[in-house]
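Presented sequentially are two complexes of subunit A, the first with subunit B as partner and the second with subunit C.
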Partner chain A sequence: MRRAFNALRHNPVWVAVALLYCVAGLVSPAMLKTEQVLNILQVTAFLGLVASGQTIALLVGGIDLSVAGVVTMTNILATSLMMGQNERIAPAVAICIALGVAVGIINGILVAFLRVAPIIATLAMNAILFGAALVYTGGAPFGSSAPAFNQLGQGSVLGLPASALCWLVVSLILAYAMRRTTLGRWIYAVGANEIAARFMGVPTRLVLVLAYSLSALFAVLGGLLITAYIGNPSLGIGNQFLLASVVAVVVGGTALTGGIGSVVGTIAGALFVTLLNSFTNIAQASTGAQYVIQGVLIAFSVIIYRVIGESAETR
Partner chain B sequence: MQQEKIVGAEVPALELTDIQKSFPGVKALKRASFACRAGEVHVLVGENGAGKSTLMRIIAGVWKPDAGTIAVNGQRVEIAGPQHAQSLGIAMVYQDTRLVPDLDVSQNIWLGREPGGRLLVDRKAMDDGAREILAKLGVSLPLDVPVRDLEVAERQLVEIARALTSNPAVLILDEPTSALDAAEIQRLFAIVAELKRQGTAVIFISHRLPEVFAIADRITVLKDGEVVGTVDRDAINHEQLVAMMVGRELALAYPPRAAKVGQERLVVRDLTSPGLFRDVTFSVRAGEIVGLGGIQGNGQADVVRGLFGLLPHEGTVTLDGENAAFATPAKAIKAGFVYIPGDRHREGLFMPHSIRENISLPHLAGWAGLGRVPADREQDELRRAMSSFAIKAHSGEQAVRTLSGGNQQKVVLGRWTIGTPKVYVFEDPTRGVDVATKLEIYRRIRALADAGAAVILVASDLLELIGLSDRVLVFSDGRIVDEVAGADATEERIVGSAVDANSPDAQAGDIAANISVQSNSAAPAAAASLPARNVLGRYMAPMLLLGLIAILSFATAQFSDFFLTSRNVSNIAAQVAPLALVALGQFCVIVLGGIDLSVGPVISLVTGIVSYIAVSEGGAGVVEASAIALAAGVLTGLVNALLIVKLRIPDLIATLATYSVVFGLALIVRPSPGGLVSDTFLNVFEFSFGSVPAVAIVILVLYLAMELLLVRGRLGQRLYAVGSNAEASTVVGINIGVVRTAAYVFCGLCAAGAGLIVAARIGSGDPQAGATFTLSSVTAVVVGGVSVFGGRGTAIGVLLGAVAVGVMQNALNLMQVSAYYQYIWTGGLTLLAVAGFSLRLSARRNRR
Partner chain C sequence: MINKRIDRRTLLGWGAGAAAGAVMLPRLSLADVISNAKIEASSEMSKGVNKSGKLRIGFSNGFSGNTWRTQNLASMQTEAGANADRYELITVDGQGDITKQVNDIEDLIAQNVDALLVIPNSGTAVVPALRKAMKAGIVTIPFNLPVEGDNWTAFIGTDPKKKGATTGKFLNDALGGKGKIVALGGLPGNSYTAECWAGAQTEFAPGIEVLAFKDAHWQEDKAKVVMADLIAAYPEIDGVWCDGGQDAAGGLKALMAANRPLVPVTGDDYNGLLKLYDKEKGNNPKFKIGCVSEPTWEGVVALRTAVKLLSGEDQPKRQIISPVLMDGSNYEQFIKRDLPDGVFVDTLLTDEELKKLFS
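Right after this comes the complex of A and B.
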C-alpha cells in the first residue's frame, strides 16, 4: 500500500491520467464503457509510439521536431508503395524504416558532429521532409495501404486492439532497455553530462546519433500504425504529432535538460493527451481550443514537475 | 613604511563589527569583526567554508547581514546592493572572471557604467578612461579586441580595471591568483603594490600561504565563520599561521612515500601534440606516484588527456610492454588506464543520477557489452565501492546532486575501485574538499600505488604535488624541463626550473618592469591597426552574404529578363518586408541565446483579427485593427517573458507552449481562410513611393537604427552582454530579466507588425498564413551570421539574410520551380548556415 502510494508520488502523471478519466467519466458516462476504453487505447498507440521516440531525444538533452515530417513521409511512402497489395507490405515497410532511420542518422550527425542546435536541425529537417512529401506527391497523394497491413491498425487480438498491443509491447521493451542495458544507460549519461560521459569512455557522438535514429525509428513505427489505421495517404498527417509528442513526453515527466525521465512516464503522458483530446471532443471544443489546452498543458507540467522536484530536494 | 601606515589609518577605510549571517541549516558567520585601513593589503585566509566568501559578499552588497554593523570611513552604512556598494567606493573582483567574452576590452571595463547619453554611449570617453586606468595599472591592452581573444591573465587585468573605474577606496580581490602562473602572479602583486601606494585599501583572499606572506601587511584568519584573529605579517610565521587556520600542524598530512618501487609499467616516449606538448618522455613504475608539475597550462594536463585518448598525439606509449597509444577513452579504460579529471561537476559526475549509476557507468561495457546490465553484479560492486570509500548516503539510489562536496568526490574516486586499473591519473583530486576528506584521499591514492598501480598526479597546488609524489616532472612550454625526487622537491625548485626554461623575457624576478616596458611599445601600434580589422570582423558574414545575393541575382537575371525590372524588385521588397520584420524580432531573442517559436502563429492570429475588424470601407477599423493586432503581439511576448523569465521554463518549451496556444486562438478566430480586408487597410500597408513599398523603407530604417544601437548604443551593450554572459551582466547591475522581457515583447511586436503586412498582402484572414514564418525567421537570422548560442551577430546581417531568402524565393518562382521546393531549400539553407557557423567556430578553436 505504502509502496503503491510512493510509486504514485513519483509518477504524478498516472494520478493525473486516473483523475482525468474519472472526471471525463462523470461528465460523459459513455467514457466508462469498455469499448470506449479500448478505442482510446487504440488511438493512443500512434502518439504513444512517436512520443516514446521523442522521449529519447529529450533524454539526450535535445528535441526532435522532425517526427512530424517522418510520420507524414512514412504515410505517403507506405501507401504509394503498397498500392493496396498484400505482397508489397514487406518491401514498403522496409523502405520506410530505412528512410526514417537515415533521417535520424542525419539529424544525429548534425547535432553530434556539426554541433547544430537540435531544435534548429530538426525543425529544418521537418520542413525538408514536408517539402519532399509535397514534391513526391505533387500535392495529390496516391495509393492505399494493404488490407492485411490494415489489421495492425484496425484489428484486435484477444479482444484488445492490435495497435495498442504493438505500442505497449514495443514501448515497454524500450523502457526496459533504457534502464537495464548499457546502451540505455549511456543515453541517460550523455543527457545528464556529455563531457563526463566522454571521460567515462562512452562514445558520446555515436550515442547521440543512435538516440536520434531511435527517435526517427519510433516515428516511422507510429507512422506505419496510423497508416494501417486510416488506410489512406494524407499530406500533413504528421503535423498533429509535432506538438503532441513533446507534450506527452513533458507531461510524462521527462525534463528538457536531459538525463531525467522515463519511457514509462511517456506512456502515461500519451494516454493523458489522448484522453484529454477525446474529452474535449466530447465537450465539443474546437480544434483551436484543443491547441490552446495543449499549450497550457506544456507550460503547466513543466512547472508542476519543477515544484515536485524542488520539494523532494528540501526533504 | 610600517609606521606610516599605522599613523595614516586611524579611521579604518572599512570596518565590520559583529557581523552575523545564517543560511538554512548553516551559521556562515558568527559575530565576525574585521577592519581594513587605507593603503594596506589585508589578506583574509581560511579553509574552504570558513566564511571568507560570505563576508566578502556582504561587503560587496550581494548579501545582507542578519546582524552587525558596517562602517565606511567611520560612517555607519547599510549596504543596499552591489550598485550601492560601488557608490560607497567598494569594488570586488570575483574569483572566476565575470567578463562578457563577446564585448571588447573597453566595453567590458565600462559595462553597466558607460559614459554617454541616454541612448548612445560615448566611445571616445570610454577608450580614454580605459587607457588611463590601464596606464595606472602599468599595463596596456588593445581596447577593441573582444575579451574572448585574451589570455586568462589579461582578462583578470580587465576585471581589475573595471573595478577601478569607480575609483574605489576598498578593492576586494577574491582568490585572484587561482588561475594565474608564477609570472602573472608577480605582475598582479606589482599592481597591488601600486594600488596600495595610491592609498587603496586592498582586501586579498587567498589560501596559498607563500603568497600570503609575500603580499600581506596584515592577515585575518577565519575559521568556521569566526575570526580567529588579525595579525601583522611580521609577527607570525608559516607554521603558526597554519595552526591558526586548522588548529593543528599540517606537516603530518601526507602519507609516507614508496619504500621501494617495482618495474616500469607505463613508458611514454617522444609524445608530441602540435601546439600543446612535444617530445615528452617518461615512465612510471609499479607502486610509484609521479607528479606532473610546473606552472599551470604548460602541457601537464594536455599530456595526460592525450594519453587517455582525448587529444590526438604522436609517439610511442606502452603499458606493461604492450602498445598503449589509445585513440579513445573507451580503449584506455579497457586497457586499465583511468583518468580522474579535476572538475568533478563538469567532467566527473552525473548530478541527477544515483550513486549506483554514477559508479557503474564506465564498467557497463566491460560487464555487458551493449546488452543487459547484470543487476546482481552491479549491486555487489556498488556496495563494495561505497564501503571502501566510506561514502555517506542513505542508499546507493540517492542522487549524487544531494551529496556534500566531499562525498561527491568520493563517488568520483570510488568509481575506480571496481576492477583493477593499472594506471591511475589524478587531476587535482582534492579540489574543494574539506581537510579530513583530503587526508583520506591522500591515503587512498598512496594505497593504490602500494597495491602495485602506476599513479600519475597532476596538481595545481604545488604543496600537494610535492607532498604526495615520489618523483616530480616539471613542465614548461609543453616539454619536461626538470625531474626532482619528491623528497628533494621544493616549490622554489619547481617554479624556478619552470620559469628558467622559459624564454628570457619571462623570468619571474622583474616581471613588473617588463610589463611596463611592453606597454610603452605596444600601445600605439595596437591602437592604430585595430579599427579596420574589427569592422572587417563584424561585417564579414554580411559582406559574404551580399556577395552571394549578387551572384544569385546575376545568375537569375541570365534566366529571366523580368528579374531586374523595377516591378519585380518592388515585388521582392514587398515579399521580404514581413520576413525582415519578424527576423528583426527573432534576432533580438536569438542574440540573447533564446528562440521564439511563437512568431508564426502570431502572424496567423493577426490576419484573423484584421479580417474581422478592418473590413468596412471608408477607413473605419484600420487603426483599431492595427492596435489590437499589435497588442496581441505584445501580449504574446509578455506571456513568453513571464514563462521564461519568471517561471524559468526553457525558452524552447515556453514558446512551443505559446505557439500552441496562439495557433489555437488563430483557429478559433478564423477556423479556415476567409474574410475580406478593406481597401483602406490595403492602401495603408501597401502604399508605395513610386515602386518602393513604404513598409520596406520603414523596415530598412528600423534595421539601420538597430545596427547603430548595437554598435554604439546602450541597448547593444545590454543585448550582447546578456547573450554572451548573463551572470557577468548581473554582477555589473544589468537587470537581465528586463532585457529578456523587452526582447520577447519586441519580438512579439515585430511578429504582429509582420502579420499586418501579410494581412494586407493576402487580403483576408488565414490560420495558416504565418505557418512558414517560424522557420524562415530563424533561417534569416542564422543565414545572417548570428550565433544561436547568443552574444554575436549584426542587424545588417539579418536584413541581408532575409533579403537572401526573398531573392531566392523570387528567383525560383521566375524559374518556374514548384513552390513545394520552398520548404526543402529553406530547411537546407538553415542547416547549411548553422552547420557552417559551428564548423567555422571549431576551426577557430582548433587554430588557437
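Right after this comes the complex of A and C.
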C-alpha cells in the first residue's frame, strides 16, 4: 500500500496516463488496438516537442505563449521554402531553426534584461509572429513540404512512428541535460529563486535567455514535425499549442511558479492530453465537452500536485 | 419570394443585372469565369439613388488572413481597379474584433462614403451602425455572412442549408442511400457548419448511418488527427461528409495513412481536394467528390450591386448565390494543377493573378 502510494507520489502523471488508458480501453475497445496506440504516439509527438520546450520556460518561472506563433511561422516558412523539393529540406530546416532561436533570444532579452513580464512579452511575440506570417503570405499560404521530409511525420521505423521516435529521443536528451548539466541545474536554480541563484554566481540573465531559446527551438521542432505530418501550410496550425502545451506541462507536474518539475513528466503530460483528446473523439464527446475537460484538468492537476507536495513536506 | 434566376456568367459578364437589363459596366475578362452559379434574387426590391461624380465605396472586412478573404479582397480590388474612373474603394480591416469593426463602420460613415459593404464579424453587433449609415443616406450591403433584421439596402450570400443539402444529396446518391458515414465540420460552434449539416441530413435516406460528427476546424492537420481516431473506432466508413475542402483533404490523408480505400467525400472548391482526387481516383474505384463552393467573387457582386444602386437602379433586397456542384464530371474545369492547394478555385482571378497572390 505504502509502495503504491510512493509510486503515485513520485509519478502521479504516469499513473494517471495508465488509468486513463484503462478507462478508455474499457469504454472504447478501439483504444486498445495496436494501430490506435501507434496513432496516438505519432500524434503526441507534435504537442510533446512543443511542451518539452514549454517545460523549460515554466521551470525558470516564466511561460512561453509565443510557441503557437513559432509553430505557425515554422509551418509557413518550411513549406514555402521547400516547395515540395527534397534538395531544399536542409536550407529550409536551417532557416526555421535559426529564426526560431532568434525569436527565443528576443523573448529572453525582453524578460531578462528589459524586465517585461513573460506572459506579456511572449504573448506580444505571438501576435508579432502571426502578423508576420500574414504579411509574408498575404493571407494566401503557398508551397508544400518535401516528400522525403514528410517521412518524419508520416513514416515509421521498425514499426514505430518516426515522429514519436524523434520526439522521445530529443525530449529524453533534453531531460538528461536538465539533470546532468550545469545549465540544467542553473535553470532549476533560477526558477526556484532567482535572487538566491544570482548570489550563488549563476548568470541568471543568460540562463533566462537560453531557457526561452530552448523553448522556441523545441517549438520549431514540433512545427517541423506537424508540417511533415500534413505536408501543407496553414495559418491556423499553431493555435492548438497555445493552451495545450501549458496544459501538458502542468499536468506533467511542473509548477507554474518555477523550479519544480521535469521534462519526463511533460512527456507523460503530453501523452495524457493527446490520449484524452483521442478518447473523447472516439467516445463522441463534443468539442465543448473536450474544452471543459481540459480546463478542469489544469485546475485539478494543480490541486493534486499541491496536496502531494504538502503531504511530502509534513512527513 | 424568389422570382428571378440570373445566370452568373451573364451577371458577371455584363455587369449590369440581366433582370434589370440596364447600363453596361466595364468588366473583367471572362477567361476565368468557369462556374455557372445561379443567383436567385428576391422579389422585394431596394430603391436606387442617383449619385453623380466619382463614388466612394467603403468595405468593412471583418477580418483578413484566411485564403478565402484574401481572394475575395483581391477580386474586389481588381474590380475597383478596372472601374477606377467610377469609384474609389476604401477598405478597413476589423481584425476579427467585433468592437473594432463597429468603430470601422462609424469611421466610414464619418468619411461620407456613398456605399458601405460589410462582412460582419457579428450579425447582431453591426446592426446599430448599419442603421445609422442608412439614416445618413448610405447604401449598405452586407455580404457573405448575414446581418440580423433588414436595416440594410441589399444582401448577397449563399444559403448554407441549401449548400449542405446539395452535398448531402451527393453523398447519399454516391452511396446508393445506404452506408456508414462520418462528418467533419469547421470551427467549433460556428453557425455555417451547423446549417450546412442540418441541410445535409435532410437528404440522407434511412439507410445512411451517421457514425460521428466532429469539429475539424477547416484545417487539414486537425481533420487528419480526428479522422485517424474515427478510423480506429469504426472498421467501416463508407463516406465522409465535410463542409470544407481542407477537412476533406485531411480526412482522406488519414484514410490513406491507414491503408484504407478512399471513399466518397464532400467539400468545397479547395484546390488541394481536387488535386488529391485527380491523383488518387485511379487507384480507388469508390472515390468520388461532390463539392459546393463559397464563391470568392461575392465581393464583386456586392460592388456591382452598390454601383447599380448608386446609379439609380433598383436592386433585389436579397441575392442568394447557388453555386454549381463540382464532381468527377466537371472538376477538370476547376482544378488548378500548377497552383497551391490553398487556392479556392471558384474565382474570378486569373491564374497569373493567383500565382502572384500565392507567392
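One rule holds in what follows: the second predicted complex is superposed on the first by the 307 of 315 C-alpha atoms of A that agree within 3 Å, B and C clash if a C-alpha of one lies under 4 Å from a C-alpha of the other, contacts with A are read in each partner's own complex, and residues count from 1 in each chain.
Following the convention adopted for this analysis, a residue touches a chain if its C-beta (ideal position, glycine included) is under 8 Å from a C-beta of that chain, and two chains touch if they have at least 3 such contacts.
Predicted model only: the values in this text are computed from it and were never measured.
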When the two structures are superposed on subunit A, do subunit B and subunit C clash or fit side by side?
clash
In the overlaid three-chain picture, which partner chain does A:193 touch, first (subunit B) or second (subunit C), both, or neither?
first
Of the two partners subunit B and subunit C, more of subunit A gets touched by chain B
If you stack the two complexes on chain A, which partner ends up touching A:259: first (subunit B), second (subunit C), both, or neither?
first
Looking at the overlay, what does A:308 touch: subunit B (first), subunit C (second), both, or neither?
neither
Who does A:202 touch here: subunit B (first), subunit C (second), both, or neither?
first
Mind working out whether A:278 is in touch with subunit B, subunit C, both or neither, as first, second, both or neither?
second
Between subunit B (first) and subunit C (second), which does A:139 come into contact with in this model arrangement: first, second, both, or neither?
both
Could you say whether A:28 touches subunit B, subunit C, both of them, or neither, answering first, second, both or neither?
second
Which of the two partners, first being subunit B and second being subunit C, lies in contact with A:287: first, second, both, or neither?
both
Thinking of the overlay built on chain A, is A:298 touched by subunit B (first), by subunit C (second), by both, or by neither?
first
Name the stretch of subunit B, from among 491-499, 563-571 or 833-841, that runs into subunit C once the two structures are superposed.
563-571
Footprint intersection on subunit A (subunit B / subunit C) at 134, 138-139, 287-288, 291
So, in the complex, the side of subunit B touching subunit A is made of residues 308, 310, 328-330, 332-334, 339, 341, 346-353, 357, 360-362, 364-365, 367-373, 375, 401-402, 595, 643, 647-650, 652-654, 656-669, 671, 767, 774-775, 778-779, 782, 788-789, 818, 820-828, 830-831, 834-835, 838-839, 841-842
Could you pull out which subunit A residues touch subunit C in their complex?
28, 30-31, 33, 35-36, 39, 43, 134, 138-144, 154, 226, 229-237, 240, 277-278, 281-282, 284, 287-288, 291
Sort out for me which residues of subunit C touch subunit A in the complex.
64-67, 69-71, 188-189, 212, 214-215, 217, 219-222, 224-226, 228-230, 232-234, 246, 249-250, 253, 257-258, 272, 340-343, 357-359
Help me check something: in the complex, which residues belonging to subunit A touch subunit B?
63, 110, 114-117, 119-121, 123-128, 130-132, 134-135, 138-139, 180-183, 185-186, 188-189, 192-193, 195-203, 243, 246-247, 250, 256-257, 259-260, 286-296, 298-299, 302-303, 306, 313
